[in-house]
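Letters A, B, C and D name the chains as they come in the text, with residue numbers starting at 1 for each one.
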């Protein structure tokens, strides 16, 4: 691993020159711009843990390609233990950042591409896996951050890629040259894109024969010519942009991962960076594997966030003198219960993992989908309970400027004080943390990241083995399994 | 009614000079400051409807004191029809503003004080009701906006007012003069305070004998000497303050009601503006009545908001081409179902209303508490469904500056377009509206306004008539009603 | 009213001779057979209340046809007060019987037929209303019990009546004679049929032109030639049939209403008893009105049952010494809260009622559907809470024979005792009551009676006025209402 | 293993002579009495699987005491794989019996006693483990069924064992002799007791010094002098007792496990069968371990039941022609989703298991409690969905006597037919299966078995590590971990 700690990671970003817009202006240095720096810091934590004695075992792995120690985020899962360690690593990172640390999407993209490249080669006699291993070895050795780029704009959702009035609503190959491809289109909601080194482009859905040009997997540097990023807005982002260290809630880290649009305006991709080109018969499998890995994560990283939130409301209840009330304890219990229910599915889908033909391990897809489906329900409910426990003042609290005002600061100090011995400022800070973690963007990301709720339901039904279940019922009743 | 339309109301505010701080600075003119103007406009809608043929019948009433036509928001309910009309008026206003229009809290304060003043006089031979009628007639004739001021900071919640280390954690009388009282303390979360004319101070809880100085009801002009307001922060309030008309979500109106701290630093209240002074035996009844009226409102105004939100996601689904999907229709159905369930309780507690000894009508308190309790659950769920239907882009969408940028505006236009014929800008606007109505402040207010969830549960248990219910069960079994 | 009390009602049934089968055998006297007598007693309570000073005002009405005092269950709603009184009457009856008292289905059938007959006559120049008034006057004067017969077997649910392989899967006219009709088919789930006097046959769904023979409304005596009833099984019905007065749970009344199949094998209906014959254009309206009235009831009668159940678990908690535990109080609070939420919708849809062209009043259909939809969720949840509070012993308790056994009765007495002073037998009885009210049949009926959950959702979506809601959202954003 | 298949197990029961009462009468032969035979058959399935090639690996284990192959139900978990195999075994058995197969309670009792006996010996220098190993080796070699007997009547629940007015409300030692103990008291809800060989008595709660006589663990043959069992009632048990093979729902197996009261009237226990006597300091640990193991099971066996139920409603939907409706598919999806969520926790608490000092493995206790807590919610919800999908006829269906009646059988055949080609009898059978699996006893057992809901919440709060979570929140805000 070349980048051995957070500082080196941050330094490495300064050598890249991606084109990034935010609120109509270009961002020069993502590591210093107030809109992006918090997200850089969260990602830097993934580098930092690899050097922390306590977490090294979780945060690193031994490459099956080189035998060298690498960041786990660049590793291809070799067994169930790898899958379980991922879960535990993500929860710790959620606890330490209280936000999205952005590296899972590349991690899962690497794992999905690896196993599928193997299978394409087996069937079609192509040589994708060797190319991919070469690229991946470089990623592992340099310890680069990769953004997995899957979601296309999709335009009119009742039509597939090939039938769109605007052919660019899905990323596609517009020209094939001897030395590589020219691609065009865009990817939306790209978590961590602005502070990644590489983009791993993947198709967003299963495709048919007619969509050959849309069946493309390839790797592109973030600052390749023709790549433009537009960094999105988040709830209360001005507080972050103005560096309001109290009101922002999380002074060091972002609300969520920092999402961007990545537009590809006729970007050239050298042949050796292309890992699928036209094999539509494998698009479904690729998406399915990526999605399952990614859905499994949400019961890990989000439970880390919920741990922080549960701690925050418990602390606030102590300050407010309500920690002993039975309904308070019951609501805290419920927060923990929901959190651990989510964690169960992350652990379970790892424990029930199994190898693909390539040797790379997959999580149990049913349980991974169940995991994410519950996230789309329970995160809102946990937030609701936190808001209930915190009290209405998290929505009516005066600003930090008032708290620090010479004229009226004493009124804010006086009337927002709690238990003796805790400074009002601590109560205000914890309130702002809860506000930041329960409102808007944080929950929307949790709902839709790794696939919207209905996407999981489709998979759960599909994998539900209804035929087998019907046979079980019939067997109990002595009804013949085959009826006319 | 002196103030006959919204413009006159706004004009009238310019003649007041309340002391208001926001983000550390004084606000000179609430009607023009970007932080407060949207809230002024929402309140102005309550004036506007009184002149709208379609809504006049709902928005006005005939004063039982003077026989003159008045704003319903200054009326004392005389019958069930009045209670029902209030519900319908609030839903319409929610639909037209998509936010809190702030006048209910004074409305409910007037109704609670009126009926309780009557009963205090009956028991203690005081003359509060006459004083109150005089003040109220003036309010009605001038058509003034009143903020009902109930919630105190409460300091250490395990102690009552008289036992607080800091005696000012509840508003109290610090001096009694021949011509009036001097009061000190503060009220938190004061909806609409900055754009009201008058403050109606009420105690926040049932009190015992030892808290005589805290049992005070009185009316104070918003710009009385010693009154200081601090206007609170809300989610994404910078968008409002910077007049970002697209990104703010609701271009004309606020997120919620615009809440303030009101600090009373030794404020003088003339005797004729005092409607309770020391009658602790009526504090419980006053709070109980105010709370019941106020809780009943939430199934009316919030359902108006939910109507807007349901419309917004339905429109967005049309734009995105998903309106016909069965899971989309099912989620829209659920939004409507939850909304109408809330509305049921508002209507029902009005329909089951009954007169107090003063003749003023009260809602059914059980059903009013049930109404609010469901709001604390269903508003989050309705928001969750809206976020589900809207899609993840409401949390990752680039800013309006990017949309309008010469360099990259075309990319935003292209990749956030939907169904042919609908401009991308419309899709963006609707997304921002949904974002504004589902995140942070909007839901916190809905949770805690009119009392936190546990407050309603205490009342529901207390009014549950368990003894009667036990008798019903025993009767079915032939078990004697009295057992040794 | 000829039948002036419960005893006279019971006596009157002895003069009828319907053909009823149960467990393969004919029932001779429904008033004495252990399977049907409890249901007869529950219906008798509707007669008894009409003579009870406390409830007379609810249980009777003044006929708009004759001016005579009649049972409310034979009344056509003339105003909102009638609708509200119905709700209150049903809750009282639920409280007094703890079960279904069966008369609503005829009551709602009468109201639906009355208003629709008027409208058919208006459009088609038929004379149904006069016929119907004549029949209804007789029903009112005699005070007869009518079973509203709507639900057909439906056969293959993907096909309408006219396309069924077996034409009898919906009741239909097989021959038209000068003096009347011959009908064939069956109705399922007929609550109270075996102890009614008359059957009011109605179509079960909106029908098209091709289903003219299925569009029939008519009245048939329960013992008309060709009518056969088969009385269905219920959970633990043997306890009832063996007259196990403790273990049965409710010693006097049934689990639910006592449902039957009614088969019509070429039954002749005289012309003056036919109130619709072929007017398919009114089938939808009839079903819609019947369903709305009937759905509105469930927030009334079922809340009566929940009152009993809440009382039962509260009493049991006292016996077991757990009544003061905070989680017990919280669960009881939740039971009450859910119950009153249901009641809200029943009250609200009555309070928002409005007249049909005939003058007969209709409930608000949106709120009536919302009411029933919540019943299909909350009744299970209330039962779940009751089971939680009662404890596992309601599923493992020895029989009453063991309690009364000479050899081991002392062991049951000893080891199922509770708080000092309450006989073990009382604890056992209350446990059996809870068992009877929370398991199986009781909840299934609550789920499907008056229409299965999806039926309500279809109506809620249909009546949701999405166009209006979209306009509200657009108005807030200044988006033109009409877009290209 | 001496008993190598189901038949031998059944035969072995005929050699025992326990005293069992049911409905006031003695049961002579549990293997033939209609009330107990179905439960015997379900337990026999645990023997049968050990000889089934497909399941042998799950159903047997290698004894760490003897190295011999034994039934897994008599095994002490030696590693995580053992814990995972248990989960999978239980799900398969749930699928094959659709009910409780009763052996887990002894299995978990063995595991809890084993690890605790080790720790008592370590601390107190006793020799319990050697005694226990001897007994256990015999159990393993003979392959006997053990009922773990934990739940006492508890009398007045506000008092501990030592403070009860009646000292027998908890099982206790009434006399200590040289050769053993005399015990008295009772255990309630004893699943599988009537068809077990041995009773393993354990204390029901953590106890203090004053309750030494109540801190007893020992093994007693089911037919020891002084042991009396009273077999409890279940919903619709008459159908089982009368051998109504269609209406009973599950023709071969019981509703749940078949629970009994076991009364101990001064039963002698030889010294070598005593595994705890007075070590109150270990009562809490014993209960805690037993409970955790037992709670973990419910996400396994109950999901097996839910698989059957999901199959049953899917099959019924096919018969009724509704299987393709979107709301039907959505509800089936939800059933699967809830089921797999439960399964996740069972798998997860096994995967996160860890060794006790004795070497015996424990599940993760947080996740085991979370598992059971969700069972107490989701089983009701799954049942509710099944009832919704099945339709109201499962509560109104005529009896099998009517179906087979010469006079009216043709009517039942005709009007309860579904899709062409499926006999009406199959539809009826599947309806009765759903009825049996969703009503009454089945759900009560699921709610309270392995501990009532509140018991899990207490553990979840206790194990929630709030201190650590508060530190996480503070760390994010830079608030010192120690405050004055």
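In the analysis below, a residue touches a chain if its C-beta (ideal position, glycine included) is under 8 Å from a C-beta of that chain, and two chains touch if they have at least 3 such contacts.
Keep in mind the model is a prediction, meaning the values are calculated, not measured.
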Set of chains adjacent to chain A and to chain B: C, D
Intersection of the contact lists for chain C and chain D: A, B
Over-half contact-pair match to A-B, picked out of the listed pairs A-D, C-D or B-C: C-D
Most distant chain from chain C by Cα centroid: A
Same or different contact residues where chain C meets its copy chain B, judged by the half mark: same
Inter-centroid spacing, chain C versus chain B (mean Cα positions, whole Å): 40
Inter-centroid spacing, chain C versus chain A (mean Cα positions, whole Å): 52
Residues of chain D touching at least two other chains: 327, 330, 457
Residue ranges of chain C touching chain A (in the complex, touch as defined): 326-327, 330
Touch list for chain A against partner chain D, complex: 84, 95-98, 250-253, 307-312, 314-315, 318, 329-330, 332-333, 336-337, 340-341, 343-345, 347-352, 366-367, 370-371, 373-374, 421-422, 426, 429-430, 433, 457, 460-461, 464, 466, 468-479, 483-484
Parts of chain A lying in touch with chain B, wherever the complex brings them together: 21-25, 153, 155-158, 165-166, 168-169, 186, 188-189, 228, 230-239, 242, 247, 256, 259-261, 263, 320-322, 325, 327, 376-377, 380-381, 383-384, 387-388, 391-399, 401-402, 404-405, 407-408, 411-412, 414-420, 435, 438-441, 443-445, 447-449, 452-454, 457
